[in-house]
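Below you'll find a set of structures to go through.
Two complexes come next, and they have one chain in common, subunit A, joined by subunit B in the first and subunit C in the second.
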Partner chain A sequence: MAQGKTYSIDVKHVTRVEGHGRIIIDTKEGVVENVKLSITEANRFFENFVKGMKPHEVPWIISRICGICCVGHQMASTMAVENAVGIEISPQTRLLRKLLTESQFLQSHVLHVYFLAVPDFVGAPSVLPLAQSHPDVVKRALRLKKLANDYTAVFGGRTLHPMANTLKGWRQLPNLDAIAQLRERLLAAVPDLEETLKIVETLTIPPYERETEYVSLKHPDEYALYDGEIYSSDTKSTLPIDQYLSATNEFTVPHSTTKWSKWNRDSYFAGALARVNNNFDQLRPEAQEAAERLGFKAPSFNPYMNNVAQVIEIIHCAYNSLAMMDEVLDKGLVKEDISYTPTAGRGVGATEVPRGILYHDYTFDDQARCVAGNAIIPTSQNVNNIEQDMKAFVPQMLPKMSQEELTLHMEMLLRAYDPCISCSVHMLDVEYR
Partner chain B sequence: MFQRPIIVAAVGCSMACDDAIGLHLASSLDDGTVLSEAGMDMPSGILEFRRWEDADSLTVAQELLECEKPVFLIDCANMGLEGGASRTFDPDSLRCHSSSVSCHGFGMAEALELAATLGFNLPVRIFGVQPFDCSPSLEMTPEMMACYDRVLLECCTALNAFLLELNLCASQSP
Partner chain C sequence: MKPKVAFFDFASCEGCQLAILNCEDILLDILELVDIVEFREAISEKGSRYDVAFIEGSIHRDEDIQRIQKIREKSTYLVAMGACACNGNVQGRSNFVAPAENFKYVYGEEARNRVQIDNQFWPLWAHTRVRPVSDIVKVDFHLRGCPVVPGEFLHLVKSLLNGTQPEAPAQAVCVECKKNGNECAFDRGETCLGPIIWGGCNSVCVNNGYSCDGCRGTLPFANLEAHRQLLLDSGMTDEQITSRYRLFCSTEQVAKEV
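Right, the complex of A and B next:
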């Protein structure tokens, strides 16, 4: 019974997330008095680092903001700079960027699902005890992670912070033999993907739902990961990406150094769950079948199902990548002219990264030097929604859970969003006196 | 003697100044003359060199599981020593954090522990070098370059000691 439950939960360091977050819950005689997701990491100053940079330098510098979503930051910033200086890309470059993007989704989702989320579901405090109790699961995870890392290296030149992509195209094209070998390895990994589904089928997802607004990119022809327009499940309409400020509406709260966002409601959800909810029909058939096996029915209002949505996207990206690699191998790759004329202008880029939509916005002056930058990352869009979920779920959980169970479920909820807390802490501008 | 090869694996980032020390040392060792000058004559093939450049901890764990050979691992390591100082570690001496605050804390010790838990039970020796600076740069610091020959000799000594332990090396002192 909730009656009489009086305690304070203070998880000062939530483990198995990127960065540092704190969960505070106070209850008094069965009544929830306080629920907060506190982010206290120091600000990042990357938007200021790129001031004075030339257009082609911006993506290489700004993508250093994150070691997980470095590809996404490079894609969004490259797109923004190209829009600012009036560059259009070839179909070949778009295809290569889509491949690089999906390599990052595989890297990140495998990392999150297997190493950060699954331990919760089997009662392990981390992946190390999981390796003792479920060695085959962890071995499979390591194989898939390395495959995904190598995938990024083949197309981007490096596993982490790839440098091959630049404005207009590729500085050094991927090697076709390496792509062919990678394709064979990806094909050979299908049994590991099948086993992944079997594992996730056995997980018991906490049955808590709260309908919210789901925001993702939407593309008319494909499951939107690399590009698209901003789509809201509330309005069922899209917004051009250069109007992203209307969709994010950042604001601050006293207990968080990350900015919060909202659009048509008090908060919104960005990430795998939003994408699968909004674009389910555009998933590859293999991914739709996986969704059915995993009991996922779009739209799902259960935030814990974000982990399941990530697995659905692993299947989508694996099969879609095979198809795209076939296309590259069929057509071959041609060296393209990547010279450009730096000009003044402002441009916005938006791409999906594993945790949701990533926006970049840059302005260049008459000398083609960057004078303003803005990056809004998915976690700063999601923290508001996470706290709203906590506020909705704690009163439901309180009567039937012990303090320890409630703490675990709150940590699982935060982890389900796969937050990249370090990257979410930004300042738009810094004034030096 | 010389019954099986060992892996000499270099970990680090070639674009992060002294973080590349492992990559440079392994390249120098791969040039047989360095080992020969250090008195470590051995048939070719006893040492297999691998570059695990930019490998994250999980990839290091997977590489260990795949290699199935003893591993001499060379890496830049923040050990609280003077810049340019080196130290040789046994994996057992590393403290593993089973519940790091974030996955940023999942490092070499956890990678080795994970690989060991998953069945990698061959000897591993880690040769760590304290950096002066790991800022983005394609060049190591002048300070590290100045002591490079000494660090390389220390690395040869540590490698030789490891080979002796494994009963794989003819030389008693490099």
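Right, the complex of A and C next:
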């Protein structure tokens, strides 16, 4: 009796997401009574303890919010501090930051697609059994991941919490020979990218749609990842980044340690799907072709398609990185003066990270001490939208699914957003009670 | 039977687990030699008894204390993996502010008041202070740094598999930095924590044009007074020095008010 289902689902620690979260779903006699996504991460209070720090220390320390998106946190906070203390960057610095940014997109998306999402689609509890059943897939995943990690290390000094980039520019410039070698390896990875597309072509994406507001950065000249203005698919217009508070409108809910966001409607989507939806025409042609092969038509209102959007961005970043590396190799790199005299003031930085727009906002006093900080993380912007999706999809899924299938679809939904709960404080466990 | 290895995370950026996943060249070989029974970031299976438990993250709440105690009971060896687990890392700096003030600043007064009266969600939000794992349970081995050094992780795993004592030389970052031939940060007109901080990182930050901020924690025999004097002589004020020590070493002696 489809109508009479009483499920009580409680997934206390959702696995294969970054951070600690929990999903609670109660249905009684076919009626959904309760759907809650709960973030149970311990607080670390970064925004308060950066007070007293010097300008260059803030990006270095604040990027410890998250290991996976440490580069993005460093980019957004560096931009914010530069805007606060009156530093302008050179075209060379911007180019290097764009490279560092795309290295992180490759790393994070490959990790998410292969390690965290694909096991769901092939019915494996994790990537580990795949090492036996699909060794070629796992080896390819590791190859691509290593390439992306080495890419970050060449430009950042190391893969995790890189230290070469600082305010105004690079403490120590990347080595041109290393960039040339990296370029060759990236070029040689094209067959691996092709195989990745082939795998994703075979995956069956759950066909659930809910139109929402899609929010991403937009840049007049390029597919916006490192910088841009805040764009909404609802208003079809942009907002300067220093007005980000009118786009995020944070509020707290009791069942979560993360703050929630909304803009022009109840909730919005940030991340790969929003970016590809909003900026499809600016993707590299190779990425647009990949989208067509994967059956992705912008705009897509299916949140499970976020995984596909990530693959489209993998292709975009790979080819765009090749072009940017060519530019660096062509022009060479010059050692720049990175000294500065800080002014007092407030500054905002916004950059796209794999999971959506990341905002940082700092104020410094006349002795160059940080006196206020704020960071708004993509996962906390998305949590509200995930819960709205769950509320919309559970009644559609309930009649045709067992409790196990429903649980799996909820976990897959959550994982499709690639939530990063360390960032927002941590994330997921599904509980069906 | 293959040894059962588990990874658990507490308050952290989860970057150290990522650092382990980043050992791509040797990851599959390690998986042949050990059974990974808990690795929440990458798998969905649950285990019961662990030969080695790797702990990432600092301990903040009562529920975290209970959880780490349970893990300790079930584990033969327990390893503090990364700066958060070893010494509370950067978030230790929040210990110098009352938890209620931290809540108010980050979540707003209204939210703070609500969590204080809502029993159902209190355990979720309860926050005492940031503590290293060794404050709560016995730690057998420390893998220091933010993030951990993959080579040190691999050395520890190999030693445990072979039943030998892992080596962790107690020497300052300066020793490695000199071997690498870097110009001293003090000679460049900057300041550095290298003289008092655990080595093992191969002075990676100085190699890349920065100085040492002390993510690996202070050496037990370090002459802290002499180092503070060195920083004073370099023109830093006591307030600036304390703030610098409190970037990564807030739970340690060196971070105390002078």
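To be clear about the criterion, the second predicted complex is superposed on the first by the 424 of 433 C-alpha atoms of A that agree within 3 Å, B and C clash if a C-alpha of one lies under 4 Å from a C-alpha of the other, contacts with A are read in each partner's own complex, and residues count from 1 in each chain.
The definition used in the following text is that contacts are C-beta pairs under 8 Å (C-beta built on N, C-alpha and C of every residue); 3 or more make two chains touch, one makes a residue touch a chain.
As the structure is a computational prediction, the values presented were derived from the model and not from experiment.
Superposition of the two structures on subunit A shows subunit C clashing with subunit B.
In the superposition on chain A, A:402 makes contact with neither subunit B nor subunit C. Contact with neither subunit B nor subunit C is seen for A:204 once the two complexes are overlaid on the shared chain. Residue contacts after overlaying the shared chain place A:341 against neither subunit B nor subunit C. In the superposed pair of complexes, A:146 makes contact with subunit B and with subunit C alike.
In the superposition on chain A, contact of A:131 is made with both subunit B and subunit C.
When subunit B and subunit C are set side by side, the one touching more residues of subunit A is C.
In the overlay built on the shared chain, the residue A:115 is in contact with subunit B and with subunit C.
After superposition on chain A, the stretch of subunit C whose C-alpha atoms clash with subunit B is 26-34, while the remaining options among 26-34, 62-70 or 98-106 stay clear.
In the superposition on the C-alpha atoms of chain A, the part of subunit A touched by subunit B in one complex and by subunit C in the other spans residues 13, 15-20, 111, 115-116, 125-128, 131, 138-139, 142-143, 145-146, 149, 158-160, 422. Interface residues of subunit C, counted against subunit A in their complex, comprise 9-19, 21-22, 24-25, 27-28, 31, 36, 39-45, 57, 60-61, 64, 89-91, 93-94, 96-97, 101-103, 105-108, 110-111, 114-115, 118, 120-121, 124-125, 127, 130, 146-147, 204-205, 207-210, 213, 243, 247.
Interface residues of subunit A, counted against subunit C in their complex, comprise 13, 15-20, 38, 40-49, 52-54, 57, 60-61, 64-68, 70, 111, 115-116, 125-128, 131, 138-139, 142-143, 145-146, 149, 157-161, 163-164, 166, 170-172, 252, 254-255, 257, 259, 422. Contact residues of subunit A toward subunit B in the complex are 13, 15-20, 111, 115-116, 125-129, 131-132, 135, 138-139, 141-143, 145-146, 149, 158-160, 421-422. Contact residues on subunit B toward subunit A in their complex (touch as defined above): 54-56, 58-59, 61-63, 65, 96, 98-104, 110, 113-114, 117-119.
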